[in-house]
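Multiple structures follow.
Same chain, two partners: subunit A is paired with subunit B first, then with subunit C.
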Partner chain A sequence: MDLYVAAFGFGLVGMSVIAIAAVGFTMQFGITNMINLAYGEVMISSAYVAYYVNKAGITIWVGMIAGALFGAVFSFLLNRFVYAPFQRKGTSHIGMVIVSLAVSLMIANLLLPIVGYYSVSYQDTTGGLLRAGGIVLTTNQIAIIGVAVVLMLLIHGLLRYTRLGKAMRATAANPTLARNCGIPTQRVIDSVWLITGALCGLAGVVAAMDSDSFAISNGAGFLITALAAAVLGGAGQPYGAMIGAVIIGMITELSAAAWAPEYKEVVAFGILVLVMVLRPQGLLSKRGALAAAG
Partner chain B sequence: MEARPVPSLQAHGITSGYGGVPVIRDVSIAVGPGEVVAIIGPNGAGKSTLLKSLVGILKLDTGTILLGDDDVSGRPPEELARRGVGYVPQVNDIFEPLTVLENLEMGGYLLSSAQVRARVGEVGDVFPQLPPMLRRRADKLSGGERKMLAIARVLMLDPKVLILDEPTANLSPKLADSLLREHVRRLAGLGKAVLLVEQRARAALQVADWTSVLVSGSVRLEGKPAELLQRQDFEELFLGAGTDLAASEETNMEET
Partner chain C sequence: MSRVKPSPFVSAVGAILVLAACGGSTPTGGGLGTGDLLVGVIAPFTGADAGLGPAYYAACLAAAPSINANGGIGGRNVKCEQFDTRGEPADAVPAANKMIASNSNLMAVVGCTSDEAATVAPIIDRAHIPMFCMTGQSEFNKTPLKYFHRLVPADVYDAFAMVGSALFGPGHDPYKKAALVFGDDIGSQAFVAPATNAFTHLGGTIAINQPIHLGASSYRTEVAAMLKAKPDVILTEALGSAGTYLKEVKTQNGGKMIPFIGSSATIDPTWFQQVRDAIGIDDLLKYYGGVDLGYTFSGPAYSEFLANLNAAASTFKDAPKYKQRGSTLHLYDGIIMTALAMVATNSADAKVYNSKILDIANGTSGATVVNTYKDGVAALKAGKSIRFVGAGGENNFDKYNNSQSGYILVGYDKDGNEVTVGHLTPDQTSKLIAAGG
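Let's look at the complex of A and B:
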């Protein structure tokens, strides 16, 4: 029993990591119509950026900011110079998926000679242990949960209360009408890539922090987990992705306790396949996608 | 006979369509301040295509569009919006998952937040049914409320030129009539140039100062409504094109 109580604690951390990743992923799809399969590789690249910052003797919390900035700029450029030109040419949805898959492979192969295939880990104190009723977490893990909660609140505030966030939802709902209103949809979409790219980078760093070590090969697993949470919640819906993250995070950690931690991503993938079969529209249903936020 | 005003918006010989296939050919049309210009014609004639070309959604194959004296051919929709051209499309005319208030805020995207607040109040006075439902999601509105919202949204920027694509479609005859007579005429009375597409020919002829008949992508006939009605070929054109003038009469309750 204690094992499951401890796993519940890890589940809280896991869902926090997944939520940050999944919300970024699902917003890219919801607003820009892009299923960005390179998302996991951008996450892992950002994790490495933080690794090099950290290796230079700087705390990982600064590394995390560096990773977020890298993710933001990298995603922005990726859209500007690769995805957007293809979309403008009228490339089909499936065509865009293949483009992003190609980008994903290119990132992985460009990164490999730089970072090597071996596992690395951040050099930082994990902080003291905090115990509460059978749950044992490091202060770093608690901080990750805190970061995730703050980010989710910020995303909620952005989409619900700011001019930019509402313009994002309007652009998601009806891009042509948005332009007829004078909304500079290009700039709105640029902001979406910057913001979701920052989430992606940050998610990469916290995912790397949450595992004992990481390697370049983890990118695919990061993608699958984020994808599973996003699809479970209803593709394109940030609140759905948050709910999806809670469910996937908990189930994967509990299954790790009951079965074997190596199979966490297999479990996430299994859930993804099940959702696709049973409820392809996700938990938060149908129309409106991201625009329905709030 | 009164002369037409100097045009606020005019198109000269525009040809455009989808994927390189022209739908409208060599169309010219103009609308001036205080004027209501109606475009009528059968389904598929290219009326919506013409409006989409005017507001920059569709690229022109040939022709020019002038806003005042400025050539705005090929300018993007967001620039035309900024320069005072408001457009209410035939379908997808609101942001469905947003609230009524958020729809109005998006209509006033180019304004400061203080201006938005003031304008929401003003368009609320024009469409009194809207203020009580500001917090409702727009896709929960009735057909009539939805059109009011779509028009209120476009009025947020107080446009000089108003382009309305079948604003009365799906409205009850009574509502359609009040929309055309009260709102459209009143907006023209405020000095706006109003260009509208209207399926029901009789209703269009009653409200318009000038009417163009679009058939198969070209303007076949144009003129003042009174003149058009006297012309032999007007009704023939309609009957020939499959639009039943008599049928549109039935849907209009206050026929004179």
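Let's look at the complex of A and C:
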């Protein structure tokens, strides 16, 4: 029983990491209509930015901010100079997916000679160990959970209570109508890439901290997990992505405790497939924050 | 204006020059042909086992200048090319087919780890190309593949040596309760059964057998389950994920490591750097034990290997890191032996020189021992038969082209160099083999 309690605690960490990544990914898609398969590579690039900051003797928490800033600027530039020109030319959805896949491969291959193929670790990112009722977490893992909770609340506040958030929702629902109503949709989309890019960068650093040791090859894994949570929750739905993160994060850890650990991801993704069969549109489709304003 | 008509001689010379400029490979079966020869390095260069391929590529980069600087193979230079299998059998097959189809000048193939050997070795064998594979899988212990060569013992011996380190190693009482933490790849899982048999038959208990999914983002629950089983020692090979797993062990165990014993694949600069960064150099030096084949890292063959490896940094900057990597030494030897076999048979036809590789490695009665390609060629030209003892030491191929040698118990120094800490006696080795079955 102790192991299940411990696994539950670890699940809280796992779902926090996934939630930050998945919410950024799904917002990007929901508002800009862009399935950005380079998301995982931007995450790992940001993780490396934080690594070099940390290696210079600066705390990883500052590195995390640097990673978030890098993710924001990189994503913004990626959209401005790569994705947007293709979209303006009327490239189809599947064409844009291929473009983002190409960008993903380019980032990975450009990064490889810079950072090398071997794994690296942040310094002093463990923190003290805390035990409570069978749950065993480090102070830094608790901080990661805290960061995720604060970010989710901020996203909720942004989407529900700010002019920018309402403009985002309007742009997501019908960009043409939003533009005709006087909403500066281009500025809104730029803001989306900056905000979701920051989430992407921050998620990369948090995921790398959580892994203890990371390498360039982790980018693909980051993308798959974020994508799975986003799809499970309903593509384009931030609240759905949060729920998807909870399900995948928890099931991954609990199945490792209950069953053979080498199959923990098989179980999590098996459940994803099952949900997709029963509810292809995802758990919260048409009911989340980015659904058409009602 | 009159046109100058070239004479037949000039035309013939021109034609020859054009053909020569094309640089095509023209093995005749009765000679060494012309044009560059290629050593294919087929191994994982990406994916979870991406640390393996570079070690083998470094071997080729060190071997090629040994040959090329000494007249090549009948004047033909040796080059190296990577073929990435991603560590996946499904990706390895097209990589092998492409390698063979695109290169008619392949003289040998090196690499083929346990990740892909089962799928690529038959393909390479059908193409009649000698291969030196870094796989320990037992299915190759009595392989019918004539072009397959293995310069390392089967995995079962690696597993026995790890158990030997746990039970008979220096500096600690015999460990009685072991956790088996091996990656879920084919190669790593090959250790589990022999290690379990040997350890339990010699009085130990397996606290937990935990296959872990390589490349997972964390191993929190796995480590919690492992710690709950309270092992004295961890026997492990989880390449690519060792840092993540072992850091979690240290974290959940209140900052204290549990002794861990790694396979010979953990004698690797990438593994060292990853684990050092994750758990710290002090804990790595204190709690790690490894096993390796008994290398001397000295002698004329090793000196030439080391010089060439250092020089290869201009092509591949990490090459010098592999100066004590067993597989790098062995594959270096494999390439040199193949080149000598070609010279000895005066043939670029692998059907002719393949069988000669065993003669060069094991030696025949009255053979002259040589340690370098240069000395080997000189001895062959003097009409002598030779035995090549290379950077990795003596080879003793059996009739299945498997070469066996003994193990040493090792650790690291703070710079990542291998340090010998003990040996398994013949009696201990016999006990382990008998117990392991």
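Heads up, the rule we're going with is that the second predicted complex is superposed on the first by the 264 of 294 C-alpha atoms of A that agree within 3 Å, B and C clash if a C-alpha of one lies under 4 Å from a C-alpha of the other, contacts with A are read in each partner's own complex, and residues count from 1 in each chain.
Here is the rule we use: contacts are C-beta pairs under 8 Å (C-beta built on N, C-alpha and C of every residue); 3 or more make two chains touch, one makes a residue touch a chain.
These numbers were taken from a predicted model, which means no experiment stands behind them.
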Quick one: subunit B or subunit C, who's touching more of subunit A? C
When the two structures are overlaid on chain A, which partner does A:Ala215 contact: first (subunit B), second (subunit C), both, or neither? second
Look at A:Thr225 in the shared chain and tell me whether it touches subunit B only, subunit C only, both, or neither; answer first, second, both or neither. second
Could you look at A:Ala173 and tell me whether it touches subunit B, subunit C, both or neither (first, second, both, neither)? first
Which partner does A:Lys264 reach: the first (subunit B), the second (subunit C), both, or neither? second
Which residues of subunit C touch subunit A once you look at their complex with the stated criterion? 45-48, 50-51, 54, 184, 210-213, 215-222, 224-225, 228, 240-244, 247-248, 251-252, 254-255, 270, 273-274, 277-278, 318
Per the touch rule above, subunit A residues touching subunit C in the complex are 2-3, 6-7, 10, 13-14, 17, 116-121, 126, 129, 136, 138, 207, 210-213, 215, 217-218, 221-222, 225, 253-254, 256-257, 260-265
Taking the complex as given, what residues does subunit B use to touch subunit A? 55, 57, 76-78, 81-82, 87, 89, 92-98, 102, 105-107, 109-110, 113, 139, 153, 157
Contact footprint of subunit B on subunit A as seen in their complex: 163, 166-167, 169-170, 173-174, 176-185, 287-288, 291-292
